[in-house]
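Scrolling down, you'll hit the structures one after another.
Paired with subunit B in one complex and with subunit C in the other, subunit A is shared by the two complexes that follow.
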Partner chain A sequence: MILQLMVNALVVPLLLMGVIRKAKALMQTRRGAPVWQPFYDIARLLKKGETISEKAGWVFVWAPRIGLVVALAAAILAPWSGAPLPPFGGATNYLLVLYLMALARFVAMLAAMDTGSAFGGLGASRDATISLLVEPVMVIGLGALALAAGSTDLSVIYSAPVNPVVAALVGVTLLIAALAELSRMPVDDPTTHLELTMVHEAMILENSGRNLALTEYAAALRTCVLLGLAAQTLLRAAPGFPLLSGGARYAVGLAALFAVGGLVAVAEGVLVRLKWRGIPSFLAYSAGLSLLAALLAVLKG
Partner chain B sequence: MLDSNVWGGSALWGGAALCAWLAAAFVGLIAPRPRRHLAAIPCAVGCLLLAASAFAGGGQPEYLRLPLALGDAPFTLLFDPLSRWFLAIIGAVGLAAVVFSPGYLEHLRERVPVGFVWSAMALLLLSMAGVVLAANAIVFLVAWEAMALSSFALVATDHTQREIQRAALIYLGATRVGTAFLMAGFLWAHLLTGTWDFSGWNLHGAAALGPALLILVGLATKAGCWPFHLWLPIAHPAAPAPVSALMSGVMIKTAIYAMARLFVLDGHLAAPALGPILIALGTVSALWGVLFALLQHDLKRLLAYHSVENIGIILTAVGLAIVGRSWGLPALYQLGLAVALFHTLNHAVFKSLLFLGAGVVDARTHTRDIERLGGLIHRMPATAAAFIVGSAAICALPPLNGFASEWLLYQGFFQMARTGPTVGERLCALLLMGWLALIGGLAIACFVKAVGVTFLGSPRSRAAEKATEGTRGMVAAQIGLAFACGALGLGVPLLIAPLSCIVASPGEPSLLAAAWTLPTALLTLAMMGALAILTLAMARLARKNPARRFTTWDCGFGPLSARTQYTATSFAQPTLRLFGAVYRYSIAIEVGGRNRRYFPDSVDVRATHEPYLETRVYAPVLRSIERGAGAFLMRLQAGSIHQYLLHVALVLALLLWLGVRG
Partner chain C sequence: MHLSTQEYIAGTAAVLAVWMCGLTQVRLALRGLAAQTALLAVATAALGLERHAPYELLLAAVVLVVKAGAIPAYLAWAAGRLDIRRDAGALLSPTLSMLAGLGLLATGFFLAPRFATPASGHAGMAGMALALVFSGMLLMLTRRLALSQLIGFLVMENGIFLYSLTQTAGMPMIVEMGVVFDVLVGVLVAGLVIFRLNRSFEHIDVTQLRGLRN
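Up next, the complex of A and B:
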């Protein structure tokens, strides 16, 4: 169990980022960097020095650290890989996990404002807008899923039987929400060259060196948690999966996670970024699905 | 029971506190100018005594009967678990405000009689304690009116400014309207039950609804609940910061106290219809408050709108309790009431903290317009840190106290979704969870804006550049409240016992302990440990490669100025556009110049919004009242002494006739 936790915290997140990049490169008929590249990147960034803006204070210095610790906590507390959770008491609560992520976002947005850069403010403003749309969707979606389990505890939610249709609806809801929350296509393009059009990259424009390494690692952890939860939820809709246990469940879970990662890469290969004003409409699909899931969960429960 | 004193620790300490405040009110008036803050000492002593009274006496109710009577109502004070909860709030927030005030009032001393402010503040504290202690409607109304008048005097502190005169008059008008409804409701309840004692009001169902609705309007006006909230964002910013903290943190909560006492506990006025009404009012209030807060660039006005939001959250919880009782779900009932009380305490702590922070900013920069601030974190580090903690708490971020109470509210909604009687109600409960998350998201946007533009970045004006940290007292009050935010978030298990004592009547099992399942203290400890390790590792790396200080990335165009930063207006713009329908938001851009496509000479951007509750609903109503009253009252007040004498004679005759008849 400890081994699984270590693998989940240290290996899978960066590997997932590498796989997404590799898949995207293949989509674009490039050979692409090896899947281990994110590990080298982090190691290189940690070795480098960092440059901090003269205007920045302690908020800028501490935000990436808090962000990383919170992301680690979320990665440990959420059952995103299919591995059974260690007994953490009630700490594996989905609302706690979501609000921990909100805490990380709050400090990240403050850090972006701390340098007095217009890019930071722009990114923070957009991030705040997107997340206020995404948050209710995730709360309602996971709430609908939790209704059958009768508890908001994630380890109970993901071990109780659930209506496969609800699971499928919530899974897609979470997937769309995750795309927005993680600043991925079609909401935000992580590889564009113009800061003005970005959300996440604009926020971390001033981060460099080890500061940036922490931020990138935290982003990888958050990607794992959100995409993993979406994958796990979708798996609940598959017949037979609830019967699996132990290693098989973990293996299928990881496979699903990487499959979802591949899906994200495909989306990034074929989609164009939405206009900023089109994003609420895109998220409205997610909201609509979560409402449907809620209705269905209430009717069946 | 009511006729005799039942003495105990609470009554003793509480009585002493009231005496201390009475003394402070006199000291404030007679203190010589060089010792103008002398009244702070009895004020602080009173707050401490009141807090002691809240903790003394265990769970038993105590009565303190003063040798006074108003009509057939004795002047009786009741100390029970519910009033003790609010006494603790008044004592704690009052103490912070008193410690903060001497430093703050200094910057007003040219324009304002400081001793008078202290007297009014002591009276405000006294009357707030009186409201939560009143055992019958008459004492309640006396204290309620004293509270309204003393807070009016405090709002009007800086009365040489026109803006403040207007705010004070609007506030006075709102309190008059509220009290009128309250009186009507009390009279009705008295008519039905024949007693002024709250404990004697046992009305159920339809009989309770009439008086309950009138009382609800009166209380909602005081609480600042939508649609009666209009005075709140006008009056709270006009008052001095410690007074705003008291008003927003405590005074509006006395209405919550009265709701808990009259509508929820013991079923004094048990009208099940109140539950959905309160939930509806609360949800609208919360969303409305936070949406309009996002629009504000005056720091204190922004905070005042957040009070509307949080009152909405509290009212929703009160509604949940009533709904739970009428459905026969004791777990939901207990959870709803406990959340309402817990969030009341939490909001009192973080909102007063934020108002005190805004007070330091106001006192040191002489502006509350955040567009003229920036970079204050370097000049007032303690205030900035405390303000950030308070912001995180109000945004319900773990592990602080706002999160604890909102998480419990989520659990309440979840229970409603699981056990509600019909599909519609259960679906509503799930949607309410989403609603709470939306409010949380909006609050985060609003406070990132407030903190980011006020305290971070670079200063946007000379005043912000020259600002200094507040005095030691001002800083101490804020740090104390910031620690309280953390302690209340981590110490929830310790609060379960006093809350259970309130929500579960004797003999009933308390279901609260089962509701709180988060080991936040342990989790926070673990995360702090991880943070420490991470920091050590970073420090090790920094030894090899120290960090370099350099300018913020300027795209190679040369040094950035404060004006190239993101403004509060631009920060809020995406959200404003999203909710444009609510604000009637529109933006007009005019580009001028010959070659205006590429090289415009002038760009004029005008964003407008319409607070249409004010302009479309209240303004016409007020205008028609004004017109009617003008036509009618003008005739009565003709300025002729003969006519006035006639009025006096007529009224006298009427009263005599009534007296003879009755």
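Up next, the complex of A and C:
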């Protein structure tokens, strides 16, 4: 179990980023960087020197470290890979995990505003708007599963039997919410070069060296947790999956995680970015699905 | 409450009605109406097989041809003739109206068990039928164009059809058929009225018809 935790925390997140980038390159008929390129990137950034704006204070230096610790805690507490959760009693509560993710976003926004750069403030304000829209969706979506399982403990939620329709609805909801939360394609273009349209990139424009390495690593961890939760929820709609246990469950879980990553890359290949004012209606669909799932969960009793 | 397959089919129709509340494109709304009515026809056929009532299979076929085929096609043709593409919505924005529709769906479900019904079985269907009626009403209230209000009326009619089919021991065939053809004639007449409206005012925006008062 310790080994699984180490692999989950150190290898899978960066590998997932590499796979998403590779799949995206293939979608654009480029050869793309090898899948382990993010490991090299992080190692290179860790060796490089750092440039810090003279306007920046201690928040800018500490925010990436706090963000990384919070993201690691969320990655340990959430059942995103199919590995059994550590026995931390009530700490594996779904609200705790969701609000740890929100805390990571909050410190990232503080750091973006701290540098005094105009783009940082712009990105932070957009990020705050999107997270405001995503938060109810995720709380209601996972809440529907919690209602069906009769507990807010994630280890119970992801082992209790559940109506496959509810699981499928919540899985799609979480996937859409994850796209918005992670600043992915229909909501934000992660490879844009125009600062005025950036969300996540505008926030980390001032980071460099070790600071940037920590930020990127925390972002990879958050991607893993959110896409992994969506993949695990979708898997529960598949017949036969709840019967698996141990290594087979872990292997299927990781395969599903990378498949969802590939799906995100395909979406980035074929979709165009939404207009900023179109994002609320896009997320309203996901809110609608989560409410529907909650209704079904309530009716089933 | 455990939902049966027929109830899932009818539930999908109700969800389609809620989705239609959030649409601005008239053509897409018409496709939603056609898909929803086709789903109701499938549910009717499945119920007919379950109750061993052959006339319900016939009814399903008539509903499929007339209400899911002819009426949406006629309305799409009318929309094409009048060059109507988008309905921006009035009173509530389409996104909010979709979320309100979900609220009505839940309301329908929680209200449905309060009505006494003669038929047993498929208790969930009453909720779906009420949800269809409510969403149809919401569509009529929150749309701007006369054509969209006609679509809302048809959604409401679908709800009443589903309720009468599932919550009674079964209506006489002649009544059901009569209702279907009544709706057909009603839609044809309403289509003519829309053409007339368009000729007189050069638009079919009902929010601007208040100017006629003086």
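We take it that the second predicted complex is superposed on the first by the 301 of 301 C-alpha atoms of A that agree within 3 Å, B and C clash if a C-alpha of one lies under 4 Å from a C-alpha of the other, contacts with A are read in each partner's own complex, and residues count from 1 in each chain.
Throughout what follows, a residue touches a chain if its C-beta (ideal position, glycine included) is under 8 Å from a C-beta of that chain, and two chains touch if they have at least 3 such contacts.
Nothing here was measured: the structure is a model prediction, and the numbers come from that model.
When both complexes are superposed on subunit A, subunit B and subunit C end up sitting side by side without clashing. Contacts of A:P280 after superposition on the shared chain: both subunit B and subunit C are touched. Contacts of A:L295 after superposition: both subunit B and subunit C are touched.
By the touch criterion stated above, A:L95 is placed in contact with subunit B alone, subunit C being left untouched. Applying the stated contact rule after C-alpha superposition, one finds that A:P239 touches neither subunit B nor subunit C.
Subunit A has more of its residues touched by B than by the other of subunit B and subunit C. The superposition of the two structures on chain A yields an angle of 80 degrees at the Cα centre of subunit A, opening toward subunit B and subunit C, reported in steps of 10.
Of the two partner chains, neither subunit B nor subunit C is touched by A:P161. Put simply, subunit B and subunit C get as close as 6 Å, counting only Cα atoms, in the superposed view.
In the superposition on the C-alpha atoms of chain A, the part of subunit A touched by subunit B in one complex and by subunit C in the other spans residues 280, 291, 295, 299, 301. Remark: subunit A residues 165, 280-281, 284-285, 287-288, 291-292, 295, 299-301 touch subunit C in the complex. Of all residues in subunit B, only 374-375, 377-378, 388, 392, 395-398, 403, 407, 410-411, 414, 417-418, 423, 426-427, 430-431, 433-438, 440-442, 444-445, 447-449, 451-453, 456-458, 517-519, 522-523, 526-527, 530-531, 534-535, 538, 541-542, 545-553, 560, 562, 564-567, 570-575, 577-578 touch subunit A in the complex they form.
Residue ranges on subunit A touching subunit B, taken from their complex, read 46-59, 65-66, 68-70, 72-73, 88-91, 93, 95-96, 98-100, 102-103, 105-106, 109-110, 112-122, 124-126, 128-129, 131-140, 143-144, 146-147, 150, 152-153, 205-206, 209-210, 214, 276-277, 280, 290-291, 294-295, 297-299, 301.
Within the complex formed with subunit A, the residues of subunit C that make contact are 1-3, 8, 15, 18-19, 22, 94-95, 98-99, 102, 105-106, 109, 124.
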